[in-house]
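Just below is one structure, and these are the notes that go with it.
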């Protein structure tokens, strides 16, 4: 099945369309069934993925608008493969864990469309197709936040949409300029990313283009100081919205850096290390502190997301395989862990209709299962070894240490500050005496909730103990990327900074050719 | 400069030009500034006639005649009819705010246009595409061009006049008095309402 | 032999999983029994491995599976059983087994009995990973693992509410647990940095590979790595200034304190230094080693001083643990790694015994730990009294008990290294140790009966518990006797752990020992006269003295916790709040909103252009035309007209 | 001698007068008058240039402008009538229900 | 005495006139039919008009590129063909909307359809010549018809709209005439190819620049008015509000296409001659137009008015492409309008689908945002369709306007105007807000419960048209390529 990627992209959308026919009472099962199928398809993708090949696989290419150089061009490599699986997994689990929702039909259909756009972003190899899915993903999310959100939902959803939209339009100009430059050099119009890779740009161009793409991606990540939409988005979104937002949508930004900024502008990327690292450090420390000051559990996790994304950003610009692989792995880890945490907060919200930390206390006594799973996710979130959170965070810090020891130490405070705010939540929500009457009557997780969380717990432990099946393909592709960047870089500084792993076998790499 | 002026005043053409100029400017000023529509209209008509004078001076006899016929004959008659309808004998009340701005803009426009026209706009190198034929009357000349080169615009102008006519008839017609658009009485019969569904 | 390694490692894990299966159900004695049994199996395996190693001298090194590999970085789950790790394995599993059995009795009435065992076995598993790992990252797994288990166990009674610091210096179990976890994390960052330094300079994290490359490294790298790793050790072993968590951790159940906060986990720091002895024994890092020794000595003294006035039974023992850890670091810092390790083992036995004894008292006194409310307990709890007395003797270092041999060797080392200041302080600390240990024994078991009046009716612990404690007592007695054979055993590792006293010291050793013994004995005597007598000469509380400067300083732990609260915790909370409410909401977010509002407001203003009055529209049109014409005229005049060919 | 520029300047002045009228007057009928003035001003210029170059195009243009002016008047008056029927006023200031 | 002139019929190339003549003939036939029997239903006229438009469309398709006819007055080049096709195409979408269930005043007149056809022929003449006279006459024919069509809607607002449009149009006509005077004075010709020739020789003459720039400005005022460029745009919101909704949508597309064609001819000529000043004037006006119109659209309370401002903004967007004066730039104008046409007409038409008996939310507006509250609950498909149009207008891929937008931006980037592309991008972002506002109302707000009777104006033709517009909006990606290559071929063939 060579066109499995197209199937993956469009199956949810078609299923979404057909979903209009399904009766309201059965739609949840329908949604779960569809997402399970998509998940299985993505697993199939994994199993048929050639682990030793670092280049693009399952490539599909159909010219759409040849005069503009736009084609329907899909493919996956080790970096995108697992983000796709993460997407399908989190959509499936998010949908399965979803509690009673008004207008559930609209929700399920919207989610299916959202899934299409998310997968589309990660498989697109044509810049315009990438942009297409990127923008399109805003729409269902807008609806989810706006229709099922909290009291400030409209403000939050519009802010989310406009902020991202503005950034991506700047990015679009950058894309157009790259295409133009490509045309100047080759005489052919092309938006294919792999074609663009071959383009060696002068430093000045690189810097400007890097800045243009940076704005688009940084807002999505979200990097300080562009992060302020996220507390609102998370704070107001329904559980499923937060789960998807944190687990997948934020990854689009970091994925964009890997897919575009690094290979296309290696010199500019190297030059940008310090500024980006400074921003990332601010993200890590500053938002961790803000997370500590929050009164709402969900906001704690929202800000902690930003903080963790800082670590991911840092890893992307470590310019060595350790940091970069770690960063990609951390994307997965953050996706699963923060997704699970949001689900957990959502479950308690469903019971008590409040997320304020002060409303709780001593919940362990009445909700032991809940507390245990929360504890596991908390530990994964603070990067405990043998959980998924550690592998990525460790590799990122390890990688970035090569770049700057001092900055790494500052970034490393995230393991302290993370513990500080997460343990605070744990203490005030789960520990202490059970005083409030309402809390005494709380029911522990029911079967549906438990079984939607257990896979995540299993993954958290599994990938913490044995990350190799995931890390190896990522590492292959990352090594290919770094080798490619190293060859392509024109300044000496960049060549010095980019470290190609000694173990890289050049014969395996086939980056940049189609 | 002044001698030039005097000298040109001495010629027939020059005298006529200055006379007509002053008169038209004066008349049009009356049109623009007068509070009474009747005065305004009358002076407009007079100005139009004087303009035809320029046409005659410039040798565009055909246009001069047309000017008189169309403007004074047709357009002014139309205005006159319309004014009867509007009861235009009264003085009109206008609150002319921003008078300075208006005159500054007017002055500025005059200045700019004069600047443009004061430029050496005439060029001897320009060859006339449709030259006037020596010894042939203007009307013949015009007719020759009008019915060859400019036949299409001529026909389109006819269409335009047809459009204008139809428009005038429709707009001033009785049928416009009762608006079907604003008439909602028939709606309940025609339209489906959601409530009934 | 490999399978034995796995048995030793995974038996506790199986125990933990087994217990956790019943984690949410009612108390089941067999859960404790099974867990204890599995630990015992682990102990047997460890002991067999130790014996094997002793006999054959073959170091077992196995790699289980790959863990993380990215770029050139590659770390596997590898385990090594050499003299250092086998020492720790044996000690850990032995003490754990006993503590497990003890806990069956101690946690008798706790409804979370099963959960307790699952945590406790998980702890042992983590500890085994820590000691057995063949690389720094594996060690770090265990390192963090024991941290989490410690967090779980300290906060075991999570439901207890927060109290004021005056009523309970540890505030609450959950607070103490968090404090412990976070403080350890601070140190862990140091350790991570050490790992980074080692990786980027040696290209590996496996002990043997790293140590083999050490001679090639520059001084700054070595010093950096040594400092960073030691920071890690400081946290786990609660060295100043990261020590406050240890006393607060006494909020946990007593078996936990015995196992984690006395015998095993807190010694992990010492273990790390010993494990990295090739690094710390390098010439280039002599300064760091000296610092370690000095800090150790300081902490020994510092902790002992606080123990002098403490009223809380468990906290006294915790201070003494701190103090003994100081001793160990002093030894390790001075290069006597094997002595440090030996003291570690000996200390594990008698300190565990002491804690378990304390646990008995606590159990009897219904969790009341105030020494002032006890007195004369020996009549009701004779067994416990014997154990605690015995353990205290071992602790203060009277021959022929274990403490004497190891501690004396440390003091001797300080003398041998000509670090006389350290030596003097260690000697004084030995005296203080004697005083506070016996102050505690006398206050609780001797003197006037103060508890009956307060309504306590203490009773002795279960017999099987007392029996289970017996091996510890034996070990506390005999461990020291095997010092020379242990020396022989551990010397096989290599030169860097070998440490011999100079001849000069050797000659003076007996006099030094006698001097220490004399000091210790006089301290005990003093304590006896002050606290143990009954009747008229019985000890009475001196309220006035408690207002004294030194007393208050000591009872408030030199105000260090208060300092942390006032200058770190509170400002942190405050700054966080400011960051959130002032900077994030008022500046960063407001900027974004203001941009939007600016456009909106501009729209509202521009809208007034659209007056609806045609005359205005015409004006706009004319104004537009005139501006364009004006600009055109000006630019035409100054030649900007712009024919640029 | 009267040159081309004389006529052009006259045309410019008349055009400006028309413009002033457009900007100043509030009565729609007067606006129509003013546009007539402006169109006539251009006619003078066209014919003068035509004369100057000896080219008939200018006269053609002027001819069509006259036609256009006539049509505009017809439609304009139609609009005014229907407006007057509804509003009873031709004042622009009364004609501002749509704004903003 | 003048020599008689012999003109062979072949040299006249009468075929170039055929499309316009078909439209005119169609209009006349309708008038005659009405004269014979004035009881006939509007459906007849709608279908007749549609047929005439079909024939007209076919006739345009049959034209050869780059021909002149009738003493070189007619100019059938690429842009004139594609613009005629678009004008007719837009009209064909528009005219079936006359078959609404609700009775509107204008459709009761057969003359409406005649005038409509005359207007189309006016536009066709306008684009199919480079003679300023014919441009002027065609423009006026079309404009006069259009004024009448607006007024025939027969509401208070529609007269006001027509009068405003008319008066400003008259002023613009005067400016056009004055601009032509200057051009004529400078070159002795009003035929643009000749003008360009002569002007090229005169560019270096001293003191002439002010006149050259002046001529361009005077013409700019006239076309700035037609294209609703700032500050000549002021009529547009009011006129769109006063006109019936589909007519407003129509007006924001078709007349502008015609005006753009003429603008390309005139201003492209200036820029080609190297008068950079004109390029900058257009750029600045374009940027001001798109920005200010966007900002004003932000604060609107009425959807129709918002759409009016939005189409002004889009016009500014496209105007910027004109300033580029490259083949791509010119292609982008047509591509953009072709794609914009479906969406915008669809969006305006959607305003029509429902209404309340009284203006219950707002005394003044027919289509306040509140009217659309919770539309998703009332008319799910309608809401989705409207949302698609809004997203398309906002430039969200893969909907039609996005492709136009990136092509325009690409053209800007290719000409080195990256700042322009960025401004376009930021403007799209601002614009997204007000489109989003409607989506928010439709999807995220609750419907107003106590609504008095709501009327639904969904006749089959309306649904077909909206369905077609939706289809064209959604599937744009598939036909952009053929469209683009056709447009590009046509435009490059005619040398722009």
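Labels A, B, C, D and E are assigned to the chains in the order they are written; within every chain, residues are numbered from 1.
Everything that follows uses one rule, which is that a residue touches a chain if its C-beta (ideal position, glycine included) is under 8 Å from a C-beta of that chain, and two chains touch if they have at least 3 such contacts.
Model, not experiment: these values are computed from the prediction.
When the partners of chain C are compared with those of chain E, the chains appearing in both lists are A, B, D. Touch-path distance (fewest steps) from chain A to chain B is 2. Of all the chains, the one whose CA centre sits at the greatest distance from that of chain E is C.
In this assembly, B is the chain whose CA centroid lies farthest from the centroid of chain A. Measuring from the average of all protein CA coordinates, the nearest chain centre is that of A.
Put simply, the C-alpha centre of chain A and that of chain E have 44 angstrom between them.
Averaging C-alpha coordinates per chain places the centre of chain C 96 Å away from that of chain D. Centres computed as Cα averages put chain D at a distance of 25 Å from chain E. As a whole-number value, the distance joining the C-alpha centres of chain B and chain C reads 99 Å. Residue positions of chain C with contacts to 2 or more other chains are 596, 607, 610, 612, 614, 618-619, 622-623, 625, 629, 633. Among all residues of chain D, those that touch two or more other chains are 4, 8, 11, 15, 18-19, 22-23, 26, 31, 45, 53, 55, 57, 60, 64, 67-68, 71-72, 75, 78-80, 82, 93, 95, 97-100. For chain A, the set of residues that touch two or more other chains comprises 162. Applying the touch criterion to all chain pairs gives A-C, A-E, B-C, B-D, B-E, C-D, C-E, D-E. On the chain C side of its complex with chain E, the touching residues are 596, 599-600, 602-604, 606-607, 609-610, 612, 614, 616-618, 620-621, 623-625, 628-629, 632-633, 635-637, 640-645.
Contacts from chain B toward chain C in the complex involve residues 98, 101-102, 105, 108-109, 112, 115. Touching chain E in their complex are the following residues of chain D: 4, 8, 11, 15, 18, 22, 28, 31-32, 35, 38-39, 41-42, 45-46, 49, 53, 55, 57-58, 60-61, 64-65, 67-68, 71-72, 75-76, 78-80, 82-83, 86-87, 95, 97-100. Listing the residues of chain C that touch chain A in their complex gives 23-24, 65-73, 137, 140-141, 144-145, 148, 155, 158-162, 172-175, 178, 181-182, 185-186, 188-189, 192-193, 195-197, 199-200, 572-573, 575-577, 579-581, 583-584, 588-589, 591-592, 596.
If you check the complex, the residues on chain E that touch chain C are 163-164, 167-168, 171-172, 175, 203-204, 209-210, 212-214, 216-218, 220-221, 224-225, 230-232, 234-235, 237-238, 273-277, 280-281, 292, 295-299, 430, 433.
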